[in-house]
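Quick one: structure below, then a few questions.
Per-chain numbering from 1; labels A, B and C assigned in written order.
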Amino acid sequence: MSKKMNILMFSGDYDKALAALILANTAREMKVEVTMFFAFWGLLLLRDPEKVTSEGKSTYEKMFGAMTPKGPEELPLSKMNFSGLGKLMLLDMMKDDNAPPLEAFLKGAREKGVKFYGCKLSMEIMGLKEEELIPELEVVEAKKYLEDALEADMQLFI
Amino acid sequence: MSKKMNILMFSGDYDKALAALILANTAREMKVEVTMFFAFWGLLLLRDPEKVTSEGKSTYEKMFGAMTPKGPEELPLSKMNFSGLGKLMLLDMMKDDNAPPLEAFLKGAREKGVKFYGCKLSMEIMGLKEEELIPELEVVEAKKYLEDALEADMQLFI
Amino acid sequence: MSKKMNILMFSGDYDKALAALILANTAREMKVEVTMFFAFWGLLLLRDPEKVTSEGKSTYEKMFGAMTPKGPEELPLSKMNFSGLGKLMLLDMMKDDNAPPLEAFLKGAREKGVKFYGCKLSMEIMGLKEEELIPELEVVEAKKYLEDALEADMQLFI
């Protein structure tokens, strides 16, 4: 029976998302089953910049949607942000070393069959619509996350 | 035999505490045993605003006690704090969607039989007294946390 | 068979590193096997201030190396940094209570046989050389971390 990994992706930081997606891609290459449950800020990683909408949203939800990152490449760094300088430096160093950026790792995870769950309550609180996010995402409640995580061989909160 | 979840609550952020308590409440509804071990900033979530004391504390401990949040509703947001604006927006959106605020989830966890452990060393370092915190809290050493976590089916560091 | 704990040390915060190393030391005293996998900012904890080098590094890598903490005692606090004031207060409170500082816990972990893994990709991205870090560190790829973590009884992402 294959091993299982479950990641609760809570953070919306570029570097933490990068770490989570590198683990997800590597695990899939090892034939490990992977579920990623996106909650709160983690959901911002899955926004499709082309599909951001403000239709049917309250004033607060519109403001929130406009002030938060739209998709993977807009996420900030968890440390040393310095108005984006730290991230530019990191991206530049990644380029030197041919490490692919966040968007490539997200694409890899989608293609390699990572299971994508989105937290229903978080989406309601943040005013995010299912059609703004990647099509692989299945919107579920916390119970579904727990059922999956309790059966996994390892669980991480990132 | 029922499943077990163990959460190490390290962070003192409003949104992370919310995520942890939603998981704890949901797990209890699924008859999963839940232990939450509060360490460092996580302990601030359990302060009773009515019982904050400076008696028998050093100058540093008094300053620290005065500068840190007193109870769940004073916790800051991990992102977009903007001097509290981001949190007001989030609370407003939660109200629109009838998601209960942090204090209600903490009450729910206490009533549903979540096991509350507090880290002895953290309390000593931060100068927190047992009588300032919720009565369900059992003050334990890190060893007790590890014994519980090693027997659990899932562990999260939040 | 002895129990196993695996910690992915991602954060470079003083307080989080302290929590991780207290757990690692305590677990070793309980005869639990401990692996710590250091990635991204976590690697800064293992820098030897005496061995920092800029030889063979790109301009960005040199800037990054100069701007980031050199060893355990330079790490910032995850909360209330206030240009270092919060950390001074915490260190002072720790002194009052005789809790040993971070460097002592790192030494303890090294002496007690904690297994130290360093993330190869992170080191390449951040431009860190193996000789700048503690000698116990074994540089491995993410696959090795996952193999270890999947066999452990508990895993934490800190």
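To be clear about the criterion, a residue touches a chain if its C-beta (ideal position, glycine included) is under 8 Å from a C-beta of that chain, and two chains touch if they have at least 3 such contacts.
All figures in this text were calculated on a predicted structure; none of them were measured in a lab.
Undergrad: Report, in degrees rounded to the nearest 5, the angle of the rotation taking subunit A onto subunit B when the C-alpha atoms are fitted.
TA: A turn of 120 degrees brings the C-alpha atoms of subunit A onto subunit B.
Undergrad: Same residues or different residues: which describes how subunit A and subunit C meet, taking over half shared numbers as same?
TA: Homomeric contact, different residues on each side for the most part.
Undergrad: If you average the CA atoms of subunit A and of subunit C, how far apart do the two points sit, in angstrom?
TA: Centres of subunit A and subunit C (C-alpha means) sit 25 Å apart.
Undergrad: Tell me, which residues of subunit A touch at least two other chains?
TA: Only 155-157 qualify.
Undergrad: Which residues of subunit B touch subunit C in their complex?
TA: So the residues of subunit B in touch with subunit C come to 6, 8, 10-12, 39-41, 58, 60-61, 63-64, 67-68, 121, 124-127, 141-143, 145-147, 149-150, 152, 155-157.
Undergrad: Inside the complex, what are the residues of subunit B that reach subunit A?
TA: The touching residues are 3, 5, 15-16, 19, 22-23, 26-27, 29-30, 32, 78-80, 89-90, 92-94, 96-97, 99, 153-158.
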